[in-house]
Each structure stands twice: as C-alpha cells, then as structure tokens.
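Next up is a structure, given as structure tokens.
Just so it is clear, A, B, C, D, E and F label the chains in written order, and each chain counts residues from 1 on its own.
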Amino acid sequence: MADKGLFIDTLPHDGVVTFLALVREKELKPKRNGGVYLHLVLADRTGELDAKIWDSPQETSALFDRDDIVKVRGTIELYHDRPQLIVQRIRRCEQGEFQEADFCPASDRDPDEMFAELRGFVESVADANLRVLLVSILEDADVAGSLKLAPAAMRVHHAFRSGLLQHTVSLCGLAEAIVRRYPRLNRDLLIAGAVLHDIGKVEELEVSRRLGYTTRGQLVGHVALGLEILERHTARLQGFPVELKTVLQHLIVSHHGELDKGALKQPMLPEALAISIMDLLDARLEQAWTLIDQAPKDEEWTVYAPSLGRQLYRWPQGEAARVFAGSPVAA
Amino acid sequence: MADKGLFIDTLPHDGVVTFLALVREKELKPKRNGGVYLHLVLADRTGELDAKIWDSPQETSALFDRDDIVKVRGTIELYHDRPQLIVQRIRRCEQGEFQEADFCPASDRDPDEMFAELRGFVESVADANLRVLLVSILEDADVAGSLKLAPAAMRVHHAFRSGLLQHTVSLCGLAEAIVRRYPRLNRDLLIAGAVLHDIGKVEELEVSRRLGYTTRGQLVGHVALGLEILERHTARLQGFPVELKTVLQHLIVSHHGELDKGALKQPMLPEALAISIMDLLDARLEQAWTLIDQAPKDEEWTVYAPSLGRQLYRWPQGEAARVFAGSPVAA
Amino acid sequence: MADKGLFIDTLPHDGVVTFLALVREKELKPKRNGGVYLHLVLADRTGELDAKIWDSPQETSALFDRDDIVKVRGTIELYHDRPQLIVQRIRRCEQGEFQEADFCPASDRDPDEMFAELRGFVESVADANLRVLLVSILEDADVAGSLKLAPAAMRVHHAFRSGLLQHTVSLCGLAEAIVRRYPRLNRDLLIAGAVLHDIGKVEELEVSRRLGYTTRGQLVGHVALGLEILERHTARLQGFPVELKTVLQHLIVSHHGELDKGALKQPMLPEALAISIMDLLDARLEQAWTLIDQAPKDEEWTVYAPSLGRQLYRWPQGEAARVFAGSPVAA
Amino acid sequence: MADKGLFIDTLPHDGVVTFLALVREKELKPKRNGGVYLHLVLADRTGELDAKIWDSPQETSALFDRDDIVKVRGTIELYHDRPQLIVQRIRRCEQGEFQEADFCPASDRDPDEMFAELRGFVESVADANLRVLLVSILEDADVAGSLKLAPAAMRVHHAFRSGLLQHTVSLCGLAEAIVRRYPRLNRDLLIAGAVLHDIGKVEELEVSRRLGYTTRGQLVGHVALGLEILERHTARLQGFPVELKTVLQHLIVSHHGELDKGALKQPMLPEALAISIMDLLDARLEQAWTLIDQAPKDEEWTVYAPSLGRQLYRWPQGEAARVFAGSPVAA
Amino acid sequence: MADKGLFIDTLPHDGVVTFLALVREKELKPKRNGGVYLHLVLADRTGELDAKIWDSPQETSALFDRDDIVKVRGTIELYHDRPQLIVQRIRRCEQGEFQEADFCPASDRDPDEMFAELRGFVESVADANLRVLLVSILEDADVAGSLKLAPAAMRVHHAFRSGLLQHTVSLCGLAEAIVRRYPRLNRDLLIAGAVLHDIGKVEELEVSRRLGYTTRGQLVGHVALGLEILERHTARLQGFPVELKTVLQHLIVSHHGELDKGALKQPMLPEALAISIMDLLDARLEQAWTLIDQAPKDEEWTVYAPSLGRQLYRWPQGEAARVFAGSPVAA
Amino acid sequence: MADKGLFIDTLPHDGVVTFLALVREKELKPKRNGGVYLHLVLADRTGELDAKIWDSPQETSALFDRDDIVKVRGTIELYHDRPQLIVQRIRRCEQGEFQEADFCPASDRDPDEMFAELRGFVESVADANLRVLLVSILEDADVAGSLKLAPAAMRVHHAFRSGLLQHTVSLCGLAEAIVRRYPRLNRDLLIAGAVLHDIGKVEELEVSRRLGYTTRGQLVGHVALGLEILERHTARLQGFPVELKTVLQHLIVSHHGELDKGALKQPMLPEALAISIMDLLDARLEQAWTLIDQAPKDEEWTVYAPSLGRQLYRWPQGEAARVFAGSPVAA
C-alpha cells in the first residue's frame, strides 16, 4: 500500500508535496495564449484542492479518469489568494495501494462487524416466519453488498459510506432499549422495522466514490424499492402469512410519519409509531453531532443546516463547560 | 325474479306496501313497557326507511341478516313526522330473485362491456413487453373479478359498484383524445398509466353490498397494493426490462401529483404529469355531475362537498339556461 | 368508607340500585304540567347516567352541589331506549367515605411512589447547581402538591389524575435508557428536561374532579408558566450560572419541536432535540395503548383520534396474534 | 434584409466574425489605467456574449441603445477562459434588416395563422351573446395587437413571443377534444374560458424585446385586468345578460383553481373545473418539453425547475428508448 | 305603527301573549292522526320561538309568507321543556306598522347619519379626480341604497344591517387618526381605500331580512364586484388617469393582505399596507366586543369563535376589574 | 472631536483622501510573490470600501481591532473596476473623537429625548400597580441602558441603533390615537403592551457596532426574555395582583398574533388584539419607507424584500405624483 501522504487540510501553503488524492473534476481548458492545460479538482476526506497541469495536458488526461485515485507530486502556489497545485508528476493508483476510507467520509465502524451485529439481531427474532424472511433478505447478495456500502442519506444524516448499515444497527440497539422501557411493544416488529424501513436505500443511493441518487431512486424512491425487496422475498417463502406481510409493508410505508414528509400512510400501530420516532431520534442526533464536530473549535454555533432550518448550539463544549462547576456534565 | 316493487323514494306516506329491500341495520330494542321489538333500517339504491316488527321479534330476527335482501310487506305510518314501516311479513330473498344493482348505487354501464373495452385498449398497446404485462394483469382472476365490482373511491368520485372500471376505461378514452392533441406523448404509457394507477384499489376497497376499506387497504393503501400487483406480474415475465418497470412504478407512485396528496414522488415524465392531471379531470367531473344530479330540481346550489371544500353551481340548469337566448348551450 | 356499590357500566337495565356517584350536572327543569323536577347527570370513572328527582326537587337540590360525591338509591328505567335513574334517596358523601380514584380516571401507579422515584432521579444529577435547583422545585409545596394530581393533558395523552407525574417519571427512565445508547448526551440535562419541560402544567390544568384549563393556563400556557417557576427558583439560588439557566429555558421553550406546534425556538442542542423527541414517543405510546384498551374486544380498529388524525390498528390482539405462528410475539 | 450571420451558440472561439445581435446591456466602464471603455452584452435567441469597445467608446455608445439590434464585426478572444468579442465595427440596424424572432425566443407557429384559428373557434360559438362578446374582444385593437405578441408567462410556461396566443389556441383545441369525451360540458363556455382566462396578460406582460411585468401587471395582475377587459366590452353590448357575465367573471377569477394559487374563488361549475385543469395540463406539458429540449442530448435529467420543485426525466430519449424493444413507443 | 309588544327573549313561559314577529320558517306538517298543522318559526332581533297553528292551517298559511312580519296572539306552553306558542290569531303587518330594526340585528347608528358622515370624508379628499370618482360612486343609487343596508359580513364582523356602512365610516375616522401619526401616508388614498375596499359587498350580500350571499357574490366575490363598480364609474369620467385607477384597483385587490386570505396581490404601497391592517383592526375589535357582549354576565370566557380559532377573555369586566385597584382602567 | 471627513458614498474615484471609518473586516493575506499584506473593509453609515496596506502590515495590524474607528489617509484606485484604498497612514481613534452615529445606522431621533417621552407615557398610566411596575422596569439600569441603544430587529424593521426605543415610543403614540377612536380599549393596557411586548429585545440583540443576536437571544428569544424581566420586577413589588401579571404575560406571549409567527397564545383580549395589530402596522410602515428611501430616485420599484415576499411600489414619488393633478397628495 502506498503512503497516503499529507491530507489536504494539512498541506503547507507553499513548497513541493507528494500525496494521494481522488480526482473529483478533470477538464481540458484553453490557455489565454492558445493551447490548453489540464484543470483538476483533487480531494480526500478532509477537503479539496485545485490543480493545474501545463505539460502534455492531453496525454496526461488520458492516463486517469474522474473518480480515480492518483498519486500526485507538485508545487503549491497561491493564486487569487487560494492555494493551488502545479502538478509535476501524476499517476493512477491501483486497488490495494490505498484505503477507500481516506477519500470519502465513511463510518467509524467496520462494515463487516456491523453486519455481523445486525445478523445477530435478526437471528434473535422470535417469530419463525419473520426471522426466516429477514435472514433471507440479509443473505440476498444484491442487498447485503450494497447495505455494507450505502449511506443512509445524501446529505442530511449518516451521509457517509456504510451510513445506512450504521443507522440500521443503531436502531436495532435503540429498539432493544425502548422495548425494555415499554414492554407492551413487540420486539420482533421493532427489529423488523429497523431492518426494513430504509432497506430500499440500497437501490436508491449510489455506492461509488460519489454519493448520488440512482435513476430508480429518483423516479421511485426508497419506500417503493423497499416494498419491492420485501415482495421478492415473501414471494419465495411458502405460506408467509399475508397479515404479517401487510404489517411489514405498513412499517415501510409509514416510517416517515406524515404524508407531507413522504409517508403513504400515517403510523397506525404502536410499533409503527415507535419506529418512526426512533428513526427521527437516531437521524437527528447523528446529524447534530456531525454538525458540531465540523464546526471550528472556538465557534459557539454550527453552520446553518438547511434540512433543520437552524444552527445548532455547541454548548457545553470546551471551556464553557465549566459552567457546570465541579461536575462531569459534558462527555 | 321477484318484482322489486316500489323504490323507497316513491313509497306513499301511508297505506300497505310490498317491496324488496336491503337490510342495512337490524337491532332488537327494549320496549318501554317491557319486552323487545325488532328495529330495521331498510334500503335500496334510492334511499332508506325505518321499520319496526312488533310480533315475534326474536324469531323473525333469526330469519335474515344485515346485508341480506328481503321481501317485506307492511303499513306506512308517520312517526315524529317521518314515515316508518310497521312490518307484517318479511322473508329473505335468494340469489336470483333480485338485481344487485337495485340495492346499491352502481355504474350505468355494464361491467362486462366496459371490461371488453378496456381489454381492447390494452391490446392496442404497441410495445410488446408492456402489452403482455397488461394482458397478464387483466387475466389475473383476482384482479379481474374485483375490477368489475370495485368502486373507485369510498365517497369522493365514482363511489359506486364498477366505479373503478368505469374510471379506468374513461381515462383510456381520454388518453386517446389527449395524445391526438399532444402527439409527443407516448400513447402506450398513457394507456398503461390509466390501467395501473389505481389498480391497487381492487384490494383496497371491499366489493360487498357495503362500500368500505379492507384492512390491507387501510394499512397499506392502493399505491403500495398496486406496486405489489405490478411486481407479481413483472416477476413472472422473463426479461421484462427493469427500465420499463421503473417507469411504470413511477406512474403509480406519482399519480396523486403532490406529496401531501399521497404521492411518493412528484410526476417527472410528461406522461406522468398527463396521467395525474387527467385523473383529476375525470374524477372532478364525475363528482360534479353526481352532486348536481342529486340536488333538488329547483336548487341553484348543490350540497356542500367536504372533499371539494365548496358547493357547486348548477347553472345553466332548467329555465335559467334560457339566458343563452336562442342557442343550444346546455345539454 | 362507604361501599362504592356497582360501577355505572355494570348497572342492570331495571330494578332498584344503590351506589356512589359524582354529580356532573345538576339542573331544575320545568315539568310539562307545571312545577319543576331535578335533573342530574351522575358519573364515575366508568361512565355516566341520567337521573330524575320528582319529589321535593328544590329542597333536595340544596343538599349537594355539582362535583360532589353522593350516595344514591333509586330505580332504573328505560326512557327513549336509554336507561335513567328515578331517585328515591340521595345524600352528599363526606371526604373519607369514598376513594377519589373511583370517580375520575387516574394513573395506575401510586402518586407518592412515583414522586419518590422522581426525587431519586433528581438526586442522581451530578451537577450541583442543577441538582439543587431541581430539588428546590420539587420541595416547593405549590409545585409538588399539584404535580401529584395534575394530568399531563386535557385529552390527548396521560389525560388522568397524576398523569403529569407519570409522564415525567417515564421520561426520566427513558432518558436513562437513551443516554446509555448515546453516551455523548448529557444525562443531567436530559433529567432536567424531563422534569422541567411540562412543569408549568401544574398551573395550567386544574386538578379538581373536572379536568380543565385554569385562566392562567389558557391566557399564558404551560411554557410561560414553566419559565416563571424556573425564574422564581433560580432567583433564590445565589450565583446560579446564567448560562445554565439559559439552557434550561431553552429546553422548556423548545420542547414542542416546531414553532407551529407551540415551540418558541426550535431545539438547538442535541439534548433539546432528544427531549423533544422522547416527549413525543412517550406521549404517543401512552395515547395509542389507551385507545387500544378502550376499543371493544373484537374490533380491529380503535375509534378515530382527532389529535392523531387517524384510527389505530389493534393487531396483533387476541386470536389474530397467532399469525406469528408458534412464537411469543405479542405481550 | 441583412444576413443574420452566425448564431451566438455556433461562434468559433477565436478569429474574426460578423453577425447581428441584440444589445442586452450597455455600460461605460473605467479602464485601470484611466479613461473608459464600452462594455456590451450581446444576445440572440441562442445565447449571450460579452463584448468590449476600446476605441471612441463614448462616441460609439451614442450610436445605439439597449434593446437595439446591431450589426457587429470583431475578434473573438478568451478572457478568464470565457470567449469575449473585441469590437471593431458596430452599427444600429433598422427595422426590416432583421427578423425579430432571431433575437428572442418565439412561438414556432405564425401569430397571424394562430389568430385566424382562434377567430374560427370564436365564430363557432353557438350562443349569440357570447359569440358577439368574444368577437368584440378579438377585434379590440388594443387586445389583438398584444395578444399576437405577448408571452403566456415570464418564466414558467409559454415564456416566449406569442406564447399567450399559442396557449389560448391550444386550449381551444383541447376543449374540443374534451367536450367530445364529456358531452355534458358546455362547449361555448369552454371556448369562452379558453379565450378569457388569461386575456388580462395582454396588459400584464410587456411585449418588447425584454419579457417583463408592466406596472399595472405587477400592481393589479392579469385576473383583475381580464375582468376590466370583460367589463369594458359587456358594457358596450346592449342587454348582455348579467347571469352570463357573472359566469364569465367566475371563469376568470377561478381559473387558478385554489385561493393560495391566485384564485379569488374555487371553480364551482363543471366548466370552470375543466378550464382550470385543462389550463394546468397545457401549461405543464409545454413547460416539460421545453425543459427536456433544452437539456444536453446525453443528460438523463433536465435542470431543476423551481416552479415545479423538481427535475424532469427525459426517458425515453435517444438510445434508451429501445427498452421498448421493437415497438414505436417514443415519437 | 303597531305596538311591537314583548321581545321574544322577555316572553313569559306560560299565558297569553300578543306581539309582532318575523316569520323565519313556515311549513305544513302532517299530524300523527291524519290531517296537517302549520308549523312556524317566529323571530325578532332577540331570538326565536316555535309556533303551531292547529285550526284552518292551510287557509292561514295562505295569508302570509316567509320573511313577512306578522302580528300574532296565542298561548305559550312548554313542549319537550322548550316554550312554544299555540297561535290563536295571526295576520300580516303592512309596511309602516313596524320598525325593520326590531326584527334583525342592526347597527346602533342611524344609516343616514353615517352616510352623511361618509359623504363628508369623501368631500374632504384633496385630489379632484379622486373626489369626483368617490362622489360619483356614493351618488350611484344602486350603490348608495345597498350601502345603507348591507352588513359587512355574513358572520365574522359587523354582521348586521348597515354594518358595511358602519365599518366604512369607522375606517375613515381611523384613517384620519393614523395619518396624523404617520404624516407620510397619503390621506386621500386612505379615504379612497376605506370607501372602496369592501364596496363590492353591496352586491355580494343580500340586504333583505335574511343575511345571505347573492349568486353573484358566491360566484364572483366582493373583490371582483368592487372592481366592476370602480370600472363602471371611471369609464364615465373623461380623462381619469389610468395610473390612479391602477392604484385604486390595487387597494381593492390587495386589502385581504395575503393570497391565501383572498388577496390577488400583496399590498405594495404603504397606503395599501395601512388599509389592509386598519381593516383587520376595525373588524377584529368589532367582532371581539360583540362576542364579549353576547356572553353571559358572569362568564369569564366568550363562546369559541371559529373564524378566530379561539375564545376571548372578558377581563376586566365587572367586579374583576377591581384588580386595577383604585384606578379607572376599564370603561 | 476629529473631522469625520467625507462619507464613503461621496468619495472620489481617484486621488488622496483622509476620513474616519469603522474597521468592519481585518485580515492578513499572503501576497502572490511571498510575504503578506493587510486587507481591510472600512465602513461608515453610508457604505463600505476595500483597503490594502502594503507597508509593515503586521505591525500596523497590531494597532487596531475589528470594530474600532480609525482615521485613515490613502489613495483611491480602481481594481477590477471597483474603487479601493491604498492606505498610507492609519491610527485608532479614541472615544470622543467621533460620533457613533456616523458609523452605523441610527434613529433620526435623540435617544434621551425618546426615553423621556416614553417615561411620560408610563407616568400617565392610571392604575397604580401597573404604573409602578413600568417605572421600575424603565429605572432598571440593565434595561434602560440597552433600551436606548438596541435596534428593534436585525433586519426587518427599525434595524438601527435606538430602533427598539423608537418603535416603542411610536406604539405609545399610536395607542393614544387608537384609544381615542375606540374608547372601550383600556389605555393603561395598551401603554403597558407597547412598553413590554418587545422589552426582551434588550437582551436578545447586541448593541455594539455590529447588530447581532446574543447567545441568550438565539436560544431563548425575546418573548421568554421579556417574561423574565417582567417576573423579576413583579417579584419585587409586594402584592402585585397575579391577575394583572397574567394579563401582562398574555400581552407578551401573544403579540406575534399567530403560533406559526412565534406567538405562544393567540391574542384573547381586545387590547392584546390591538397591540398585535398596531405592532404590525408600525413595523410594516417603517420597513416600507426605509425600502422606498433606499431605492434609487428614478426606480419605480424597491428591491425585493425577503421578509415581505415582495417589492414595494414607490408611487407617487417625484414627477409621477402629478397624476394627482393640482392637489397635494404626496408629502
């Protein structure tokens, strides 16, 4: 494996540097005095940098594509007060030379470990029909492969590689905690709801180095795609009770809570209410801490988050936490 | 077949009458001075009538059930200024003694004739994949049987036996007219949208003598049930193009137009826009004329329609139509 | 203590009965042939019954008031097909002759026990300032007395005696469960939010035998009344940090989540988001099970709940639960 | 007529060119080293180009105005990677030297031909009062002149020269198709609604080379301006029935369908419902195809359309259309 | 003039009475034992009373119509605990025998006096064009006659005879007060806005003994009817400046403030903003005091007002006003 | 006091200038060829200007801070067609050398004079309890100091130094005018509402040279902060009637009118309705004239105001005002 070198947010503002980066944009542009040069935007999980290649731009451009990882060497300059890289050497890296996670935001947790944990939750389901169905879905190679990679959303929450899996596992654990406080809730249905409510996202969101909606995702959405996966698997299971399928469909179509937020039906079972609210809790907290962690250390407020319609307050961060005099209030 | 006798809206306000009716309500009630009597609500497609049975109420009650058709003979009286029937004879009618259509509102058109017309539209679809799919759905006994009976809605529009079929056929005809005006529209997709957009209603609405939602209908809704039918049939067709399935799913999930009206996605194809708007046009016009026809002859305004949030104006009805002096403005 | 006698929902439909009841309505009405009679509506926690007193109505009326508990003896009759009581003897009961809980719905749990549990949560708060403040509020006789009696709402959820206390204690327990799943959350703030978010309801809702808004409650609301209680107690505590007061005020003013639902500010701290969502979860689940338990045993659906805009589905209740073949799905 | 020369979207990126263009912007700007130069934005219906005049800028500036058509000769250069024109010769063109349609987007159809078609529809109206009224409006020089030029909207749909007329004629044709499917609809009223619903736009939108609202349009809007035109013409017609005027006013004030979309009244006649929905259909389809046609050939999606709140899907365009294997699905 | 006799809210509950009343309802109903009787609802501005005529019902019914004023003599009885009148003598009253104001709620102020005051405001307008226009409208017999009688609304505010005139005059006075505080406001436009904003109500609301919408009112609304009146009068005035007409039209179409409240345009002039807000103030205060005055003396709260979505608080009424110890806070 | 020198909007586009300015931004930036320069944004109440310091940038940067007032001398140049200042001399000004009002927008009126006027209104309150309370608040140094400086809003209306005080005094005057037209309104409550409704803004908005929300303002808002001030002062007054406090709290929590606009309760008293509507009137008119005065002289329309969702029309400004021929319509 090649050395990643410096991350973009730690690069100096001048001098010669060597590092690995993702090619986010690549374009031949005309020079003022004729001829062309190659313009790049390089990126890793810490930021982006403009780059220019003056020599043999067309030949160089043929060596790699957008979304490739490259090893690059060049000189940093300031241009219009922003740093840019004048490239001297660049080459495409092969699979194995780098770690995917260095180039796009990813879950802190290992996908295989999370998948095993999810498998454990599914196997703990008491009802045989339901357990067999959920195992069938997790063993579906199309689903499992994507589930390990997919984000839970483009932007709002868990918007990183394996975010969907992390959100799903987190909801299973939350379900366990909630059912202990409210023992009338049916644990099996809560686990099923945690696994199924967003399962259509394995087809809705692209799992390449570039987060994005698939065409099916944009035209049909993860609710309908989740129903499709459910239908495919229940159709294979002889004698799967239609009443149970109906309830599972209900958990999927109701999990957004209200019609104007994308639900086809409002939640009509205590378990459907619980899934919908737990989903909100997990999504909001993950989003909140991401915003808080991304804010500069000395800022009291995060950036404005359009999906929330507000900024978040970072108290009690750092020194201000001492308001809680002499006691361990903040983590 | 027994003689239906008078329809309820033409019964005299006194005297002895004999006629056939649907038993909408049946209840044993205590008499003031002890003992019980049998209280009925009788109905046909023209209205309702209270009835009382004083003799042998318990034995008589055992002879028929709610939703049965009965032949009844009795005397009409006024009670609290409203007519009621004092029953002297009553018996359950057998299948064959009556016409279903006399007892609940039904389409003016013959279901088999409409189904044949629909079949014709489906067979005119040019694309082979799409034609085979639609034929497969119409030949599905579970679908076809219900489609001939189901209403298109509980209340708002086409709320009568075979209303769904009538609405579907009407949309096919409208599609044909629209595609002639806008030849860039894809006729095949418009026909497919007309057939599929509400197809889930065959499982959403009960097709007995009493309009009502099924449990599946209430929990899952006709959009998800329509997706299920589509999935079932595309799964059977080898090599059905996933791009085409995606577009058909889009037509189903987008046909309510806006999220807060029950769409999962806004229409994103010209054909999806057209289906959604044509659906609105056909539903609104049917509803409008039903309201207008139900209003008393000399009323300028219909009753208030909660689903529209308004009354409708009946002009130019009857004499007022002469405003259009000397010309054939109104039908 | 006097014997309660039969509850109203188990009274026979004729014969002589003796039982204790709350006087919900009391009115002298003119008889058709001159003179007056006394009309009552009697109630207990199971239902209501009309009653009439023909003898000495005016003298009898002077013996008790609306909202008194009375011991009554009389004969049940049917009138317009509904039972009513013709009273022969009636007298006002004294405090000690009856149990309050028989006459209005109340929490299943003992208020003192719940209060002790709440006290335990408050004493476990790590931050000294916050702990002293919360203890100060719970030791405030005006607050504590009402807190043991007040409902959490007029209608929607926990709409019974001690409902506010039950909701508060439930949220504290939920906070503990949530903080274990999300250890970045500040446990002290969650406990504080659970205790304070609805504390103004001790002045908003009347805690007599008749649930109702106080004048202050209707004009000012529990958010502002909660702020007032907080201000009163922080003013007494020397050197209470204004930053901490600000955060507590924020928890109160933001707990309804959105402006159009009664929040002055959207939640801007992870803990404020959590409080707002946990509040929703506890309220919705309590409301759901109340609706489910009130529905007749064989009904698949609850009544329509206007505050939810829907009916709830009671599955898997009773026999239908066997769909989950051979496994303990439902409690 | 002068030769138009190349359209802006086909100009080379260097070399000397001569062509006709509209002057969209014109401004004298200070040079860095003192003195001024003349900055222009040139446009035709295919795009825009920056231009600079270094010699005699003030004298040249006096030769033409914003919104004039000019004949220009100069050298194309790249500046900040964008092409710009260094002007050597420029002169104002006279009426007759150019075709208006080359310089702003315009209907594909000839205005006079469309106007004749509209006249035909109006003359086919059966009711004499209505026919005379509509003819009177079309013969009003103020109306007719503008109607031939005005767009139907600033941005959303038919946002081009003669767009209003094209939309009006299209609706008349659609009315004819619809009335054939729904013969209870009054054809006269549909034609009247098509002609009148947007007639106020002849005063709302400016019909110069620059689409824009008039002051009257912005302060009063096309609904009120349409009512004004209707009032002016009915006032001239002796004995025009007030009932008919009322219905025509209703068609105008209700055609936006809902109050929050600009209707003063919801549609209350079947014909008013139909006009409002047909208007939506024609507007949406025109807008959809314009978006689709403006998108680059290989893009699956159009740009985001703010007025629709979505992107549109361009399927089945080009090769992807072969999904419909072997059949003529797409035009 | 005949003596009105007792008002309905002061009638005794038994005995023989003679008084004048409005016939609100009149219907022949079948008697239980055959034959018919005449059922009436009698009314005056203080309330309603059921009445029955047993003798010669058909002949008697022919003597008067709904909405006539009658002189009636009969015996009061209690029926189902409500008083009713058994009529012995009844006859139609002629114009001149009674005062209109006794039979429907009416303004406290004399219409002619208010009209004179309004005339004074109009004549004080400084701009000649505007003054001539407003005078022309007030001298239009169709307008003036209705203006003296029409209510300002069916229910919400000034819902009584001459309410529109009272509201208009009140706004003129308010305009004068406001312009003194904000001298940049144009007094002429404020007076014009006060007079014109609701002028269409003279055709929208019926000015008979029964408040109600006219057909034109329901189909077209007072905004469009006001524009029509304005157009009719400006058309008669040679050289009336179109800019001024435009601003007046703007005042009319914008006075509801927001599109979803019935405005075609939001107010875009300071004077239009002021008219819209002053209109709200005058309407809300009149409505508030009506609600407060209608509530029983000892009630702290008024009835729930659906148009406001709330009850109003009556403090400081009566004794409670002493809270303001020793000072004249309440009128 | 130093001479302010030219205001920024009157500076020449070249030559040497000397003037006083506020330092809005200050940043050391790298030069292209190595080393750094000091970049400033200078401002006064008329506008902003970029400035660069090439000599001894680091030493110079240490001499003053952001938000200081400086005296600066330099040469104006055009850079990218915009003027900038090359600084030759710069020094920090001391308090006393300048007038605060020159550097940020401020009320036209003197704060002390307005405060005295407000004091006069407060002393005219008839009710002793209320008068003592209001005086107590105005004598609270924390309140009074901020009240003289605070703006009434960040952007929407009265967004300038002492704007809150100006708005408060203006509402008191308006209250006086309104109470004269509607004598049933309680003058004391109107004055109290004018003083208290926005009083929390003294802690919500920062009163430095930079308008901005405080942390408390953003987390808690001026409604809750106003309640806190009220509670602090009523707690000090022995025997202040709780009924009166409740009404004052109601005026504060209801003054935004509707829940979705930030009210906790809708106004339920005539005086609360009046306060809420008068507040709207004063805010809208101030905002309207500010927009109108900021627009260029010959523009018919103001800029688009996002908080209003519209542009405003500037008629009748300047020459167009002559439409009102021969009469003094516009100020």
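Rule of thumb we're sticking to: contacts are C-beta pairs under 8 Å (C-beta built on N, C-alpha and C of every residue); 3 or more make two chains touch, one makes a residue touch a chain.
Note that the structure is predicted; figures quoted are calculated from it, not measured.
Participant: Provide the labels of all chains in contact with subunit A and in contact with subunit C.
Facilitator: Touching subunit A as well as subunit C, we find B, F.
Participant: Count of steps on the shortest touching-chain route from subunit A to subunit E?
Facilitator: 2
Participant: Using CA atom averages as chain centres, what separation in Å is found between subunit A and subunit D?
Facilitator: Going by mean C-alpha positions, subunit A sits 44 Å from subunit D.
Participant: For subunit D and subunit E, let me know how many angstrom lie between their CA-based centres, rounded off.
Facilitator: 46
Participant: Please list all residues of subunit A that touch 2 or more other chains.
Facilitator: 215, 218-219, 247, 250, 268, 311, 313
Participant: Help me check something: in the complex, which residues belonging to subunit D touch subunit A?
Facilitator: Contacts found on subunit D: 13, 78-79, 81, 300-301, 311, 313.
Participant: Which part of subunit C faces subunit E closely enough to touch in the complex?
Facilitator: For subunit C paired with subunit E, touching residues are 29-30, 32, 215, 218-219.
Participant: Which stretch or stretches of subunit A touch subunit B in the complex?
Facilitator: Within the complex, subunit A contacts subunit B at residues 215-216, 218-221, 223-224, 227-228, 231-232, 235, 242, 246-247, 249-250, 253, 259-262, 264-265, 268.
Participant: Which of the residues in subunit E come into contact with subunit F in the complex?
Facilitator: That would be residues 126-130, 170, 173-174, 177-178, 180-186, 188-189, 241, 243-244, 247, 250, 266, 268-270, 273-274, 277-278, 280-281, 284-285, 288-289, 292, 308-313, 315-316, 320, 323-331 of subunit E.
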